[in-house]
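Take a look at the structure set out below.
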């Protein structure tokens, strides 16, 4: 399936990318995170187990076991700090 | 001693007086209330035991056992309803 | 700190601007405006008149602002209460509290309103189609104020 | 209901006036303004930039206003959150809640702010003398939001 993946704030800066389109063979948000971690470097570091980040699927925050529908808009970002 | 006694809101209207100066031989707020009750009519009715009213001495709300200093400003009024 | 009892309307935006202008240490401003409603206790209210006890009113409001300042770390407080005749929709009371953090600003603002409702000598008289009536104190206001009593 | 994400400043007085004008059923308007401070985590802040997630932001704010409306009887709600570069003293966020009674207006206003802090996709980056830094989420904000979880 195809996914549109967005990064925000510190992750966007560290990854050096705001948005990408991926071909994805996995099923869940955890599978996507594992795929990105496998890139190594800042990807492995920022998405390591125990690091605080959030995943939203089609603009709703989800847990890592959430299934990803085809053509989903997936966003990965640090805990929010607005207000 | 001399007291300046003020009435507000419903009590002012029912008593038909906003302010009076009294010669007072008692000691406490309860003594003053008893003196006023003894006038009978609306005074006995509004200040009867069990009716809700407040007494302030020199602009602080007090309980009925409070002593009244000479030349005190005593105010008697219904429970407040501002805001 | 600013405490006013007045017949004129107040301007929430101007009061908040005056409080924050030129300052960079305020993180949170909580404010409250109480307005005259056209309905109370189930019947229509055409107007109301607010009476107060001049002298004691200012003293009571200052005492409750002092109490709020002793309970929370506040940067500024404004309380304005109107008296005289007001129509439905008219603003009656304004409380503005500035603090570094929102929790303190919210708590102090609500505390001041709850105490004002039960401790400050204001009385409301409503004009209805059936005539005039003095508003009775609400037990819900006593309960709201009682929440703040330290155990 | 009015929810805006914008770079421009907002006008608290104008928002409250717009909410109450012509109405006689509102008894209470609680409002909150969050401002940029010149100090955070012990070091000086010269400016900050607010980033957000366009699309999700509006959706998240609408969801938390809906949740507030399901918990309390509210007459109107306005939420405005600024994005972009802001200086110390600049207002960042506005929440205004109108209700018949003050308890509901205060509770809903604080609820919306607490949830906004933990649920809406905004991120702050501060400029300090030592360089730029992303603001870390506060555990105190998680604790504030957790107060509202129904048991």
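Note that the chains take the letters A, B, C and D in the order they are written out, and that residue 1 is the start of every chain.
Simple rule for what comes next: a residue touches a chain if its C-beta (ideal position, glycine included) is under 8 Å from a C-beta of that chain, and two chains touch if they have at least 3 such contacts.
As the structure is a prediction and not an experimental result, all values here were calculated from the model.
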In terms of mean CA position, the chain most removed from subunit C is A
CA centroids of subunit C and subunit D: separation to the nearest Å works out as 23
Rounded to the nearest Å, the gap between Cα centres of subunit B and subunit C is 26
Distance in whole angstrom between the CA centres of subunit A and subunit B is 72
Per the C-alpha centroid definition, the whole-Å distance linking subunit B and subunit D comes out as 48
Expected list for subunit A, residues touching two or more other chains, is 83
Among subunit C residues, those touching two or more other chains are 34, 102, 113
Per the touch criterion, the pairs are A-D, B-C, C-D
Within their complex, subunit B touches subunit C through residues 6, 8-10, 52, 56, 59-61, 75, 77-83
Counting only contacts in the complex, subunit C reaches subunit D at residues 11-14, 16, 20, 22-39, 88-89, 91, 100, 102-103, 105-106, 109-110, 113, 144
The subunit C residues in contact with subunit B across the complex are 34, 50-53, 55-56, 59-60, 81, 92-93, 113, 116-125, 134-138
